[in-house]
Amino acid sequence: SSKRTRTMMTTASPMRDAFSKYADYLNNLNEKREKVVKASRDITMNSKKVIFQVHRISKFNKEEVLAKAENDLAAVTNQQMAKLVQELKGRDFWKLRRAYSPGVQEYVEAATFYGFCKSGTLLGLDDINASLLSFGDPSDEPLQINILDYLLGLADLTGELMRLAIGRISDGELDFAREICGFVREIHQELMLTVPHMDDTYDMKTKMDTMLQSVMKIENACFSVHVRGSEYIPLLGSGDPSYSVMGVSDDVEP
Amino acid sequence: SSLEKQFEEFRSQLEESGTFREKIRSVVMEIESTARLLHSNLLTVHQSRPLPEVLEKARSHIATLKDLYEKLSEVFRECPGQYYRYHGDWRSETQNVVFLVTFMHWLETGDLILHDEAANLLGLNSPEFGLDLEDYLIGVCFMSNELPRYVVNQVTSGDYDCPRKVLNFLTDLNASFRILNLRNDFLRKKFDSLKYDLRRVEEVFYDVKIRGLSAKGDSEGDVPKQSNDTH
Amino acid sequence: SSKRTRTMMTTASPMRDAFSKYADYLNNLNEKREKVVKASRDITMNSKKVIFQVHRISKFNKEEVLAKAENDLAAVTNQQMAKLVQELKGRDFWKLRRAYSPGVQEYVEAATFYGFCKSGTLLGLDDINASLLSFGDPSDEPLQINILDYLLGLADLTGELMRLAIGRISDGELDFAREICGFVREIHQELMLTVPHMDDTYDMKTKMDTMLQSVMKIENACFSVHVRGSEYIPLLGSGDPSYSVMGVSDDVEP
Amino acid sequence: SSLEKQFEEFRSQLEESGTFREKIRSVVMEIESTARLLHSNLLTVHQSRPLPEVLEKARSHIATLKDLYEKLSEVFRECPGQYYRYHGDWRSETQNVVFLVTFMHWLETGDLILHDEAANLLGLNSPEFGLDLEDYLIGVCFMSNELPRYVVNQVTSGDYDCPRKVLNFLTDLNASFRILNLRNDFLRKKFDSLKYDLRRVEEVFYDVKIRGLSAKGDSEGDVPKQSNDTH
Amino acid sequence: SSLEKQFEEFRSQLEESGTFREKIRSVVMEIESTARLLHSNLLTVHQSRPLPEVLEKARSHIATLKDLYEKLSEVFRECPGQYYRYHGDWRSETQNVVFLVTFMHWLETGDLILHDEAANLLGLNSPEFGLDLEDYLIGVCFMSNELPRYVVNQVTSGDYDCPRKVLNFLTDLNASFRILNLRNDFLRKKFDSLKYDLRRVEEVFYDVKIRGLSAKGDSEGDVPKQSNDTH
Amino acid sequence: SSLEKQFEEFRSQLEESGTFREKIRSVVMEIESTARLLHSNLLTVHQSRPLPEVLEKARSHIATLKDLYEKLSEVFRECPGQYYRYHGDWRSETQNVVFLVTFMHWLETGDLILHDEAANLLGLNSPEFGLDLEDYLIGVCFMSNELPRYVVNQVTSGDYDCPRKVLNFLTDLNASFRILNLRNDFLRKKFDSLKYDLRRVEEVFYDVKIRGLSAKGDSEGDVPKQSNDTH
Amino acid sequence: SSLEKQFEEFRSQLEESGTFREKIRSVVMEIESTARLLHSNLLTVHQSRPLPEVLEKARSHIATLKDLYEKLSEVFRECPGQYYRYHGDWRSETQNVVFLVTFMHWLETGDLILHDEAANLLGLNSPEFGLDLEDYLIGVCFMSNELPRYVVNQVTSGDYDCPRKVLNFLTDLNASFRILNLRNDFLRKKFDSLKYDLRRVEEVFYDVKIRGLSAKGDSEGDVPKQSNDTH
Amino acid sequence: SSLEKQFEEFRSQLEESGTFREKIRSVVMEIESTARLLHSNLLTVHQSRPLPEVLEKARSHIATLKDLYEKLSEVFRECPGQYYRYHGDWRSETQNVVFLVTFMHWLETGDLILHDEAANLLGLNSPEFGLDLEDYLIGVCFMSNELPRYVVNQVTSGDYDCPRKVLNFLTDLNASFRILNLRNDFLRKKFDSLKYDLRRVEEVFYDVKIRGLSAKGDSEGDVPKQSNDTH
């Protein structure tokens, strides 16, 4: 009879109607977030596979390894990333960023890792984003990877490059290792100047420390190759540069 | 080198975003300071200041807030689609504003201001620059948190009808909130607190009820002697 | 020519063959883990919905609310849980436990929450597991929820019961609140004696603290209802129990 | 009450599992202690003890280990399907055992013992009670970590052919590992360390090579004078 | 070698100490498990189980505990003067036991069990194997932490005199603790928590008092005169 | 070397500063210990000890504190301009002292002791060695935190006029604090806690009012004007 | 009211201090940004950029820094004696600047820049606005942390004399630090890290020495005689 | 009251123990400061200072340390049986002293100072106030950690015989430690670090050997028998 008892029932009221709408909105948002999280996990898993594929590189198999990596990467782009792009448009880029950021970072890591091994240069954000443009309807403002996720992915890239450098040195590919060293140093130096401008530098600061460690690991590796190479030359009696230090490990035969 | 150029560009983009953020921050500080004045002003209802006077003053602050949000929306017009990028920079202030607006509206009408009404009131009603639903709902919970205090102080100053009104309102609000499926986040925590508000108000209502302190006869004065007589 | 250069190529070797098998195994395992994680997330999301549905209960709508909850819960069981059961068999229960544990805990929470509101008793682990048996081929040793996940889910259940009790008190359902209080106390006391025997008590210890907080929140709520009720009676002049304290909030009219 | 009964049952199940765990623990302690003896014994290769003598002693420890794993598998027969429930209680010990077995096998044959070979050797080859692949791979990495030390000590004691052999082996092993797709876990970390082992061995190989310290003529003695003459 | 002989001796010393630790550990586990039963049993007072029944059951556990401490003290008799060497291995369990004993005693008598009483009760009263003072005091603080919950539940079950008694007890206890000059350690931290217990009990007492709820014979004491007059 | 000479000089500078710190520490420990006595003494008001007696005892402690601050200021005279360098070494103790002084003054007069009054009382009134404003304000907040407890205990012992007085005081204090534009620091956090104190006192006032437990002569005073008029 | 007036005054004091803090913050941000450029510039020495070029660029940044500190000191001139009050707002930035200045000076001269030299260079040399000794020492430790990396990279680029020079420098620096009697604080922790730097440089020196790699004129000094003879 | 009396007694007990702790602390600070001097002095062996000179100075510090331990033992004589109660207050300092004593002894004799020798040297040889075995062993591990650095620096300064001697010592020490059955505690962790020391010294020995940098008269000695025979 009273207002109070009435409201205990599920009778209609403007407030109740409004909250039903709110409920729909929240349910939809939640489902979309869930989908995006799943898409992000797929991207992470497959990007990691690309990274492992690139690590299989050596001076003997460069072309075939990179060809396979290119294929795998294209699959991630055309399948998983395309799915994500279709899922996200307009303001959702930023609203749901936390849901997809890990996957996108890993994707950037994989794409730039492949890119460096292929061409020796840094694959730019614009290039990556250009390749994503085709998946969505332009009028929908489809997902473009944002600069923050790109830079976070780049920070992880340096860890993979460090691993690559250590491996290449053991295989005698010293020039490649030096090239990596220079590249990673450059990224570190540029990021040092860039990170303070980023929106949220918390993650990035830890990554910067790890990155400096990576740089120093490569430098230390180059140092030991250098000192042992330098010992060799005086032993030979300096003036014989033709007997290449780097060549030593190639034609081994007791 | 090309790398350097690429990073130069990143830095310029980020600096732009930094500048942008500064602009937001400056408007948000104004919002915060206006909200503080409005808050101070609204709080006087706890000391039983006459409502019309309180509300009139408050309305002028609302107008200021609307202007400030308009200013903020202009700032955002510079970078379309990035509303949620900077959301963290002003959301807690906006939740507070929603609280104030919702409380005020309730004092005026006894009803809950709805999402789009609140959005309209603050000029947060364009598709690009709206009022985030969760911010609205959190603001509503803040309002609920204020009501037990209001009820207690109203009863203290002799308004014995207030508990019933608030109890009805909170019961309704609580039932409405229960329609929602929430995640384990801040909003859920705030909704949990709503139950305690309801309980407290119910207690006050009970206190008044068992003493027979009805609204009509409240001219008699505020000592509960009479209520003993009633039974 | 040398052995070393040979091995740089991708020629066959027993080691290489073996590692290819290892790679297949690890890839499969990883993909399965991913699937299980996703299934677990689905279970979590939908179980939470069941919990919210049960929270909509009041003395006026008990049947209809619980009927809907039962439906929703059955959907989780027959769809998401069934999927998980089909994914997992034999030793995978334990090997991949970390991947599905959060979802299963939430499911236990939802099922026992519904169960308590329906029947006032604790839905047992055996009952839950019985309902899962049908989804798998018995010869495959299909997934049965393990005792650890069940107890972890139970610990969370008490949090929901606390919320329910607070709400019910405001609606004047004091007996229901007292029933909840007794039930939660009993669970807490039994768990106190059970937790030290669990395999890994790290999570559980935090949950026990939270649970004790929940118990005390309910006790405090019952306390305040009690003292105000006790005040009323002396005011009335004790001997009129017919004017039910609990009834006061029902027939409100100014 | 029924609740009490239910929990009584839980407790009895958990206590059973506790007893079970105690049994495992007791066998694992024996495994650990045998492995320590085997370890001590194998480590003497670093002081250039004659290999056959070292290996013979080691083999007897392996037999003991096999017996212990048989004992453990019997324990597990009590609760089928729960291998992975208690995996954490004995996995690091087993990784260590794999390391020892792998190292021994390599000293004997110069080859990597494969997963099923290692499993057979330890009697971990039934479907219910096998050798977890990741444990095997981690053990292999541990072995790799020991090789640089071995090479250094062998060269010190005049065995100049060792670096070449180890270098070939590690190169092969590294290439094999690169076939795998790993998660960011402990195994990946161990695999990363393998690269450093390879690098160190390569350095020693280089040191020996540039000094012309070939395997054949190593009877001459260990001062590098002669190597200078060669060039 | 002489080095080896030395280390053989070290080994036997360390093993001795290890065995010793094992013995302690095994008794401590029994203590812990008995304490858990006692704890669970004592907690039923919150559900207003009749005190005599609860206490009788509890007393049998205390007897068990005393036996266990006797057993522990025998272990220690083997190596005199090393009480504090292994103190860390059983002190937190003993603090918990002190809590239980103190709570039980308080339920029985309404008084604080004194240090030597508690020590006697547990058989921790020889000069070599006593009850550490700080452990006793920490246990007392744990007991204080339990009282607010007890008071709340007692009132709920109709015992309106309980808050006054507990309040008096806690006030005294607080004042007594304030005499101590505590270092900045765990005991200090626990003592700091005492004041929150006191405050909570004051609130409960207030809730009861303001509603004129009190035991029949409350005319004796400190209940506000005026409120009595009103009725 | 010149480096060594430099570092010798550094050593003497660091040691000087170390000695200085030691001197401060020793006075601060005395302050802390006196404050503890004063605290213990003041706390007895919660048990309704007669105020004059409590205050008289307290005053003698204040005198001691003043002497100690004089001693501290002498220590600081050695190194002018470094007040803030060592501020962290004694500020929390001083905030506590301010709390005690403020509470005492309020008990005596019902008013807030002003900044310079407090400074004078403690002899912290020279330009070089004053009472930091934020320390004063934090101490005031501590005092506010004590008042709800005081009110509860006063009502329990039958003083029904206390809530009204405290409520008026806290309302004024809150309004005054609201004038300040606080940074997001410790002081801000303490100020946020003030509103809970106010709320609690409102609740107690409500409890007293609704039960008609007000002191006889309450027509005299400072209940909000408007609300009285309404009836 | 008088309370209100007091608080108005407090507000103006707090605002003054707030404004002051803002001014500091704005200069400190400029310092930080200049230091970042200088840092990034100095780091190129690891890539063996020609020193004169690197240093020249660096010097211009130093000039900027000096200007900024001048600006900061002007800010402080407003409120004498409060250097340490706001020390926390700029000390870590200054420690970083000291690191850069110290590293630069060492690259130029091979010596440690002394405390007053560093202070002069940055214009932190007035009695009221100086360079805190601990900040200086922490900056020096940061510099030491950079040297191992520098040595490694110098050797890689063919400078075999660098390790000896750095080793001598670090040995001296360590010995000097050892003179100080440090408290258990951040500086102490940084000093503890120094010994790892020394150890790493010793290792690098060893690597170079053992291979007979050294600058031409190495007959002067401390290279092992025998190894020279062999060649 | 009796409670108060009890607590008065507690206070005196706690204060006694506090005073006692203060006394210990003051002696331990002296020990620490003497140890620092001794440490500084011993470290100069890394710069190849002549050993006799270094050792002579060191011996005088040892005498001081013995006196200080005598002082400490007197303090402990006040409260027999409480050695382990306060063990934590001085054990890490004593471990450090053992490290220094062990290192010194090794420099003098090339041997490990035994447990009772070390105890005698420091006067820690009474049954009530001895040298805890684990502290001794931890000190020995610290010493092992210093040896790789020592070897590197000795080789750098031309002493090519050092690696062989240290290698033999560490091999023996490792084998001896392996006899012990360590628990999973700090000592175990330190022992695990020993193998890295051994490995590093093996590497240095390798570096010297492969370059033919051995001391002339190395036919005398303790190079592994078997490997010599082979050649």
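Here the chain labels run A, B, C, D, E, F, G and H in written order, and each chain numbers its own residues starting at 1.
Just so it is clear, a contact is a pair of C-beta atoms (placed from the backbone, for glycine too) under 8 Å apart; a residue touches a chain by one contact, two chains touch by 3 or more.
As the structure is a prediction and not an experimental result, all values here were calculated from the model.
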| item | value |
| --- | --- |
| Third chains touching both chain G and chain A | none |
| Euclidean distance of C-alpha centroids - chain G vs chain H, Å | 35 |
| Chain centre separation in whole Å, for chain G relative to chain D (CA means) | 47 |
| Cα-centroid distance, chain B relative to chain H, in whole angstrom | 67 |
| Intercentroid distance (Cα basis), chain F paired with chain B, Å | 33 |
| Of all residues in chain D, the ones touching two or more other chains | 167, 171, 179-183, 207, 211 |
| Shared-contact residues (touching 2 or more other chains) in chain A | 4, 8, 30, 171, 193, 224, 228, 231, 252 |
| Every chain pair in contact, whichever chains are involved | A-B, A-C, A-D, A-G, B-C, B-F, C-D, C-E, D-H, E-F, E-H, F-G, G-H |
| Residue ranges of chain H in contact with chain E within the complex | 1-4, 6-8, 10-11, 13-15, 18, 80-85, 87, 112, 114-115, 128, 133-134, 137, 172-173, 175-177, 179-183 |
| Chain D to chain A touching residues, read off their complex | 161, 164, 167, 171, 174, 178-183, 192, 195-196, 198-199, 202-203, 205-207, 209-211, 214-216, 227-228, 231 |
| Interface residues, chain D side, partner chain H - complex | 36, 40, 46-50, 149, 152-153, 155-158, 204, 207-208, 211, 213, 218-225 |
| Footprint of chain B on chain F - complex, ascending | 171, 175, 178, 199, 202-203, 205-206, 209-212, 214, 224, 226-227, 230-231 |
| Chain A - residues contacting chain D, complex | 48-49, 52, 55-56, 163, 166-167, 169-172, 221, 224, 228, 231-232, 235-237, 248-249, 252, 254 |
